[in-house]
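Same chain, two partners: subunit A is paired with subunit B first, then with subunit C.
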Partner chain A sequence: MAAAESPSAALRRRDLCSRGIRLAGKMRADVVDLLDAYVERQGLDASASVAAVEGVPPAAVERWDEQTGTQRLLENLAAYRAFRALLAQMLEEQREQLGEADTGLGRALAAVLLQVSAFAYHLEELLRLESRGIPGEEGDGPPPPPRLSLFEQKLRGLGVLRELAQWAVRSARDLRQLAKPSLATDAATSLAESP
Partner chain B sequence: ESHIQYERVGADVTMKCGSMDWDAAVTWTANGTDIDESHLNGSYLILKNVDLSQSGQYSCYEGSSWHLKYQTYLRVGMPPKEPVLMCRSNNYPKGFYCSWHLPTPTYIPNSFNISVIHGTKDMVCEKDAVPKNRCHIRYLQLFSTVKYKVTLTVTNALGKNFTTLTFDEFAIVKPDPPESVVAKPVPNNPRRLEVSWQNPSSWPDPESFPLKFFLRYRPLILDQWQHVELSDGTSHTITDAYAGKEYIIQVAAKDNDIGTWSDWSVAVHATPWTEEPKHLTTEAQITETTSASTSSFMAPPTTKICDKGAMVGSGAVAVCWTAGLVVAAYSVLFI
Partner chain C sequence: MFSRWNWVACGFYLMLNICSSDASGGLVQSCGYIIPESPVLALGSNFTALCILNESCLDFGNIYANQIIWKIKNRLVPKEQYREINRTVSSVTFNDTSSLATPLTCNILADGQIEQNIYGITVTVGLAPEKPKNLSCIVHQMSKLTYVMTCTWNPGRHTFLDTQFRLRYSWPQEVFPDCIPKDVNNSCTITDIQFFVNTEIWVEAANALGKAESDPLVLDPVDIVKPLSPQNVLVSSGILPTVLKLSWENWVSDALMRLKFNIRYRIVGDTNWMEVPSEDTASPRTSFSVQGLRPCTEYVFSIRCMKEDGVGYWSDWSEEKTGITTEDKPSKGPSIWRIIDASRSPAFWTVHLMWKALKPFEANGVVLQYEVTVRDKSSLSSPLKKYNVTSTNHTLQLPNGTYEVTVIARNSVGASPPSVLLIPASNSKAPVKNLRTLPKHDKLWVGWTAPNSYVLKYVIEWCLVSSSSDCIIEWKIAQGDVQGIDLKGIKPFKCYLITVYPLYADGQGSGQSVMAYLKQDRPSKGPTVQTKKVGKAEAVLTWNHLTVDEQNGFIRNYTILYKTIDGNETAVTVDPSKTEYTLSSLTSDTLYTVRMMASTDNGSRSGPDFTFTTQKFGKGEIEAIVVPVCLAFLLIVLLGVLFCFNKRDLIKKHIWPIVPDPSKSNIAQWSPQVPAKHNFNSKDQMYPEGSFTDVSVVEIEADDKKSFSEQDLKPFDLLKKEKSTSEGHSSGIGGSSCMSSPRQSVSDSDEGETTQNTSSTVQYSTVVLNGYRDQTPVQVFSRSESTQPLLDSEERSEDHAGGADSTAQRQQYFRQNGGQDETNTDRPCFERIKQNACADEGDLVGFVQLQISGQSSQPLGLGMEKNTQEAALSNVFQTCTEGQTVRPQAVEENPLSVDEMPKSYLPQTVRQGGYMPQ
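Then we have the complex of A and B:
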């Protein structure tokens, strides 16, 4: 039996969702700009196909409309935590390549990293509201990949940013679903039924 | 036994009279009309450089008995040119459809085969009953970066051709235009028009996948459009309309985050509210209203009292004659 959500919790959730949607929208716009700059700066072909990159959480999902609110939040959180680590890695590689951090591309990467961290925190807030425990982060994220060539690093970066741009769109959609009143019941139900 | 024979425009066609020998005496007809012997080589019918008008039923009869020995239906046509293919999602996130046509007719029957691949996965595009050259696919995955590859092959008896489209999920999202666009004047507001519309009915979930809108409007007498982009809501009040002028208004829609703008909606026309024209008042009415606020006789700033053609005088002293009459009436009152 689903527990009814208190009016103040419902308001708080809607408020967090609205802000999260705006955050996701801004993040997506900045990631798209960063992608353009990255492709140009790294001398890549914008239409190049990049195979699935290890450690990059794919935004693609089946039966998206059937997901519960809690599933959405947990998947989003796991993804943005992974992106936080991946972008930090890209920033480090950028510094190694260029020898200094405050290039335009480096600054743009750092700005997106900040937004990704903020969004992950925002998702944690939403999970706390659902009275879900925040899953612990596994160690320091994905294990460091084997040393890649410069070109491989660049392609990997392209894959990371492309997938992040998809996630930003998906997250806005997920939060709109979560903001619907019926989803509050789903989230509470999944909480009640979870072991 | 009847046959169908397909030949290219411009080809030379030789028809044999079934199993009859070359030197047999035969008569050929085309759609029941005898064919002149000059087209015959023995019992073979020779048609050189055929054109579309030569399509029809060809029959061969044995000379003396007039027994029908062979019959064929000649269809003159062309192999297909590269087809034109378009794919679009107007019902995101449910799925998308692809439609196609040939740039030029072949004049003979064609069959179409469409294949859709998403990564390594083959997908089935279900053909629509109406229209015929269209099929639709349900999305199995959303938010995928993997592109879709659609290949359309067209085949007929004279050849085949194909085309391929590659796109990602977001790029083909294009809603249908907004529906039920209505524009109304606003009472007592000569520069306003209230416009409202509805989400296209084909868009399945506007709550989770909200649309934004683009409104354009202009007076009929001008060519230049005004534009307004609206991120939410399905109504807007135009506040800078020219008083008394008929406007044409259209709306387009786009998913808030992805894809492209819809086509423009059906155009609606509306004219802003205008005050009822004031008639010349009698002296009694002027006397009665003298003590009232003079602003009651002041026209709204955008309402014209008279047309340019009714002006008398020139330059700074030009007045229209109706205004002159009112002034004259006032003058009479105060003499």
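Then we have the complex of A and C:
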């Protein structure tokens, strides 16, 4: 498969990986900054423990290095689609809570949301290059979360941002793996063998 | 009549309809309308409008489509463009909308005369938007986290319409809000941009006539970032004197993009920047140590950055920061040279040591002092002499010898390597050869051929040669392996004396000099030429050399240009070393104009004109003429003198006639009896009353000599002898008489005559002194030889001693009367007399008148007398008596009667019919 990959496709793939890595890095940096602002703005304790966010695959996995490229792409795509929905919800809640008074936090959330969307687009493009169909989003995404209290919303937002920060790190590592030619071949092979 | 009222009613109805609004809300309904309503038309297209009349107007006002006229802004549209579609619709067509204007109105002519407006529309003509071109975008970093993207494009031609431009961008799965430019139509700034995603950007232009989109630009905004320049740049000195450390802060996070940098630096005061090699700063960093700097030098630094991969834009240069490197010991010793002044004594030198101050990059700090060491190489035992000098020169008094001079520059860190100069007792080594110069732009290249021996260094001395100032020596040292250097700071048009000395390890070569100009010009003035000597056909010209300040270049030659007033100019080229030239083959007695031109390689200039005239005669010509003339004159004079000497008696007789000495006169001779014996008794008879008792007339004719026979002349010769013998009796007064006046001369002649005429004649010697020039003459009778009784008694006694000899003498004198004219051959004397007579014309007027009355109307003169010469000679006495011609001489000497003669010694003048005292 790798041999069959055209030079332009390989170039495109390398470019997408490169951009994705840098986008992941930028996203992580922005999310870290956003976390600080969010904690401060929401009056939360930065050390507060937050339960895992529902609907988001955990960033930490066992045998990460044994994953194929496609698996990595699919897991990333699922996660970022979930983040996109969660961040959009957070942005809505943010607007409801603070109105237009805190535009800075809202802009930062919107910027991170755009980056998440952009990263999801990268992943979809990479999957297209792998000649794999892009899995459709399940309905309108994850099921709407139950109505939460304001504090719970804040905590959940904190959890989303923390998880996003972890995913940003993992995504960068995943894309670096994908950028390696051998792994790319493996990913293509595994994708071809997968049902 | 009915018809008129009918049309008035129609017009009124139309006005009501036009002014009304719709039935629902207005007052009056319009009679028609135009389709299309206020269209926007493309410029240059064709256009057709329809005016549709309401049916109600047709019925009441008898208005039909054929009565419709179209107007554009009150200008009637030609009816050829109308078309009546039916009884209620009229159309108008424009082939080119550029001829349209607003408003376009539909009007009707009621009753064929009254024009009423039915409807009007606004026509807008414009162009569809062009496709925007040259879309480009750049992302500016505004702060650490804020980036904006500004896109610009070419909006295309002016559309004359309100055209909207929109900058649109999108991701494949997401479309962002459009960016609508404000106040401009060619740029827009997007504030919400996301990196690392390819974004499609395009421009959309739209107006009433259409819409156009630019070609899309697909890019990742991170690739067009122009980041902010590094901030808070600090420069700190390193441990080494050649290193400065820079540190700064980056505004761009590493997560967004990695940066590379450019570092540039320059020495303060220098305009040229140097850059740190880009590969040294091609990775993200916040500090850098710049090496290879000069010690103790202030540097200016500036930094910029861009994305590491080089995609995007460089930031602006950061603000400049300065830093100074630390000092280091001087890197080299100063260049040293000397000027030896041996003018006071050849055995004792005044050595002026001089050295160049180290350049900053050589001094590596502030030079605190120079240490000068002088070692006498001719005597090993002599101690070293050390001097600490803060200036760059030092003067030593040294005996003639060989010395080694060492100079060390010292700063706060340490000392420089020593500079050594060997001063030999004599410059006996080989000099450089083939010394030459060549101007190169603003520098003067000096080249030479090296001597055969190995040369350590060359010293090049040069100085500006000027007549107004001393030659101030500048110098420079060149290494021994070069054979030419450029001299800077050389002024054009100035003469420089350049000397090159080779320095050997064991001595010094003699200097070779050359004079040179960086640039030559024509002389600032020309030579002033003048003549040293002018001859008939040649002239020696001289001039002074131009001063070196006036030359402006090497004088290649002088050109002498000379010409006559109307002649062609002749040019002669003269060697510039000369100051004199002889022009030859000139025309004599001719005015020449000469000027002199001095020429350099770059032109000439003439001096002032000088004129001279060649001489008429050549050298020796005048002498050749004058000397013979003088000799001839001398010869003539000599001959004249000899002649006069030979004829001195004759001359003496006429010039200094013998004046009878009254003291020797004898009273008996002029006793009354004596005249009775005389031939002139008849006179007395004729004038018994004694008015003219005795008048003797002597006419002196220059040419009378001819008429006298030799026989007549003989007695005259005797008379002359008599006179000469009686010279001792003549008084000095008589001598002066000939010289003084003609009257005297005549008188003198007459004197002899009268003494000859009669023994009774009163002999006078009348001295008449003419006034000198205009002065009133004083007439003095000084002497008389008269024997007349007027004399005083004492004179009589003297006269008495004259004896009877006088009678015979008087007889001879009378005979001599004719010979008197012969004496006229002594022309100079007589001519002179005549001239004086003319000069004393005033005195002689009376005589002239008297003569004219008697004989002739000719003026008084010898010529007149010449006419009557023969008569005068033959009838001397008659002439004197019968003709009653009174000659002045005769008048003067006319003896008065005893009674009437005043007893005076004053001269007396007798006129006709009496005598008058003068």
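Quick note on the criterion: the second predicted complex is superposed on the first by the 185 of 195 C-alpha atoms of A that agree within 3 Å, B and C clash if a C-alpha of one lies under 4 Å from a C-alpha of the other, contacts with A are read in each partner's own complex, and residues count from 1 in each chain.
Definition applied: a contact is a pair of C-beta atoms (placed from the backbone, for glycine too) under 8 Å apart; a residue touches a chain by one contact, two chains touch by 3 or more.
As the structure is a prediction and not an experimental result, all values here were calculated from the model.
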- [ ] Would you sort A:R22 into first (subunit B), second (subunit C), both or neither based on which partner it touches?
- [x] second
- [ ] Identify the partner contact of A:R41: answer first if only subunit B is touched, second if only subunit C is, both if each is, neither if none is.
- [x] neither
Task: First, second, both or neither for A:R12, with subunit B first and subunit C second - done: neither
Open item on the list: Which partner chains sit in contact with A:R95 here, subunit B, subunit C, both or neither? Use first/second/both/neither.
Closed with: neither
- [ ] Would you check which partner chain A:K180 touches, where first means subunit B only, second means subunit C only, and both and neither mean what they say?
- [x] first
Task: Partner chain(s) touched by A:Q166 [first = subunit B, second = subunit C, both, neither] - done: first
TODO: Quick one: classify A:V61 as touching subunit B (first), subunit C (second), both or neither.
DONE: first
TODO: For A:S117, decide between first (touching subunit B), second (touching subunit C), both and neither.
DONE: second
Open item on the list: Please report the subunit A residues shared by its interface with subunit B and its interface with subunit C.
Closed with: 25, 28
- [ ] Sort out for me which residues of subunit C touch subunit A in the complex.
- [x] 145, 171-174, 192, 194-198, 220, 222, 253-257
Task: Contacting residues of subunit B [partner subunit A, same complex] - done: 93, 140-147, 170, 207-210, 257-258
Open item on the list: Under the definition above, what is the set of subunit A residues touching subunit B in their complex?
Closed with: 25, 28, 49, 58-62, 64-65, 162-163, 166-167, 169-170, 172-173, 176-177, 180
Task: Contact set on subunit A toward subunit C in their complex - done: 19-20, 22-23, 25-26, 28-30, 33, 107, 110-111, 114-115, 117-118, 121-122, 124
